[in-house]
Amino acid sequence: MSRSSGWAREAQAVFAKDCLLELRTRVALGAVVLFAVTSVVAAGFALAPPSGVAGDVKAALLWVVIFFAAVAGLSRVFVVEEETRTADALRLAVSPVGVFVGKLAFNTVLMWVLCALTVPLYLVLLEAPVVHWGLFVVVTFLGSTALACATTAVAAIVAKASMRGALFGVLSFPVALPPLLVAIHGTKAAWMANAGWRAAIGDIHVLVGFMLVIVPASLLVFEHIWSD
Amino acid sequence: MTWQIELRRVGKVFNDRPVLRGISASVCSPGAWTILGPNGSGKSTLLRIIAGLLTPTDGEVLYLRNGERLNAQQRRQAVGMVAPDIALYRPLTALENLRFLARARGMHLRDPQLLELLEQVQLRQRAHDPVATFSTGMVQRLKLLTALVHRPPVLLLDEPGSNLDEAGMEFIRLIVREQAKHGIVIVATNDTREMDYGEPLIRLGA
Amino acid sequence: MSTTTKVLTGVWIAAVTVAAFTWLPPAQGFRNPESARIVVFHVPCAVLTFIAFMANALYSWKYLRSRNPLADAKANISAELGMLFAVLATVTGSLFAMEQWGSPWNWDPRETSIVMLMLVYAAYFVLRGSVEEKSKRARLSAAYALLAFPAMVFLIWIFPRIVESLHPTNTLFSRTGLDPAYRVTLWGFFAGLVSVYVWMFRLRLRVELAEARLRERRHSELEMEPIGAQP
């Protein structure tokens, strides 16, 4: 039997396990998608006809829905470990870095799935005027990834604290606000004919820069959150 | 290869309340030892500190392999632990649990090999059933398997016989005896049936 | 802090406040020149809340490295003081905005960044309130502070460019155009306020330490014999 450790392999194992668990129980996905779809439909009803609503508002609303849907489900990846008392088995077997990267990967994929399901629905129901499609896809992709990066370490904190859902929303909002704001700004640029890539390139830089800062910061503090 | 675990004046305080104070001990492979004491005396806390799950407030726990200190990652690889409050993933099957923990530990085991291991603990028939459907005895056998899949030199058991029948106890006894031939076993218990698993190492008061 | 320093601080602050209303001339170029005096009080509060925020991040970092409960106490106190001064800064800023621009809130980037800080402080206190065990509470809140810090830096950096493109009218007023008399008074108040900050910090720290000593004594009275004797 060969033996190899290394955080990448550990992260892969943790990611695969979390995906398997999620496919089996569908709790996080359910919470997230249900919230998102309900919000979009509610918004659609409330704002009908959507032609009367400014593009600015639609862009902001999209990301507000995405953010709160994320809050509904992104803490699950850590909370379930503490709730079902499997966290210690993980602590015994996997290094903190492996745990964090694996769970960050899971949350990122969860965000991508959320956006893939929610955004088209939103675009249709609220008649969002997408002009620069390439830019819009890029901004949505980077924005959702950045939200996952911002909130995963916070989810770990919440799992060790009181695990109340409300706590996750309160704690993650300040940390998620930078990527949220620039994602909205970039989305607006993608929806305006005379804006486009030139207006949004700064947003893309900020999103990438934010991730490059917050992920190392999260890695630095994660050990202190995760290990007792 | 000789393995050594050293406890140097280990203490643990929770919210200004001391649970453990000034505990020093040393064990060297091969052999088995016990940590004794009534409920609430801090046995589980001490075992968790030894496992590396808890950081002591005072003192330290050292792991030595042939006299050389081990770092955190090496310690993790050297330890397997079974405890009532460390659970398996109930929605996943026995095979999936084993597969994950083996892979996480860097053991490249194929499914046939994993199924062979499950056979050794008489769980082959239930390999594809979720752990949620298992009896206490079956869960304990699977926990022991996952704790030993990476062949650790150190096995830590917290009240291993709780809720087990005689057959289950016998199985534990077997495992302890096997492990103690080459490695270190430390059992925390207040069960009279388990007290002869090894030499008493530490006795905690109430 | 010695009594002399405390008395001097009190006298100084009183003197500066009086000067702000008497010696200082009404500001030129403002809609209500008299009300502009509030700037003297507003700016030092805002500066101090940022300093407190950085202190909180610093002590949080120190706690994680040393696990010394004193560092955690200092981080907590910094957050408390930061919140206090943030509230003062927001209130004084709102009063001024009311006079100058007719509405208490204008999404001015500087004003908004103070509110962001208050959000972080509030979240920090909520987190602390939700964890019972002391070392866990210290650990988790320190970790959170160190996540919120870079996020806030980003926010303060990016917010102006977002606002500018959202709202074409620029409501920022330039501080460089401030009358030298105002600048002197402002710095004077700042000096006094720093003294108050230090005084409150040390006072609060003494309370924390006294409480800790009391708890320790209570526990050592309860524990009579050592735990964990060898067989």
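Letters A, B and C mark the chains in the order given here, with residues in each chain numbered from 1 onward.
Please note the rule applied: contacts are C-beta pairs under 8 Å (C-beta built on N, C-alpha and C of every residue); 3 or more make two chains touch, one makes a residue touch a chain.
Computed from a prediction, not measured in an experiment: that's the story for all the values here.
Trainee: So using the touch definition from the top, which pair is joined by more C-beta contacts, B-C or A-C?
Mentor: Of B-C and A-C, more C-beta pairs in contact link A-C.
Trainee: Farthest from chain C by Cα centre, which chain is it? Let me know.
Mentor: B
Trainee: I'd like the Å distance between the centres of chain A and chain B, where a centre is the mean of that chain's Cα atoms.
Mentor: The computed centroid separation for chain A versus chain B comes out at 37 Å.
Trainee: What is the distance in Å between the mean C-alpha positions of chain B and chain C?
Mentor: A distance of 48 Å separates the two centres.
Trainee: Express in whole angstrom the distance between the two chain centres, defined as the mean CA positions of chain A and chain C.
Mentor: Roughly 31 Å, centre to centre.
Trainee: Name the residues of chain A that each touch 2 or more other chains.
Mentor: 228
Trainee: Please list all residues of chain B that touch 2 or more other chains.
Mentor: Not one residue of chain B touches more than one other chain, so the list is empty.
Trainee: Under the definition above, what is the set of chain C residues touching chain B in their complex?
Mentor: That would be residues 132-135, 215-216, 219, 223, 225-231 of chain C.
Trainee: Which positions of chain A touch chain B when the two form their complex?
Mentor: Touch list, chain A to chain B: 1-6, 9-10, 12-14, 16-17, 20-21, 24-25, 84-86, 88-95, 98, 227-228.
Trainee: Which positions of chain B touch chain A when the two form their complex?
Mentor: Touching chain A from chain B are residues 51-55, 72-73, 76-77, 79-81, 83, 85-92, 96, 100-101, 103-109, 113, 146, 150.
Trainee: Residue numbers of chain A touching chain C in their complex, please.
Mentor: Contacts found on chain A: 56, 150, 153-154, 157, 160-162, 164, 167, 170-171, 173-175, 177-178, 181-182, 185, 199, 202, 206, 209-210, 213-214, 217-218, 220-222, 224-225, 228.
Trainee: Residue numbers of chain C touching chain A in their complex, please.
Mentor: 64, 116, 119-120, 122-123, 126-127, 130-131, 136, 139-140, 142-144, 146-148, 150-152, 154-155, 158-159, 161-162, 165-166
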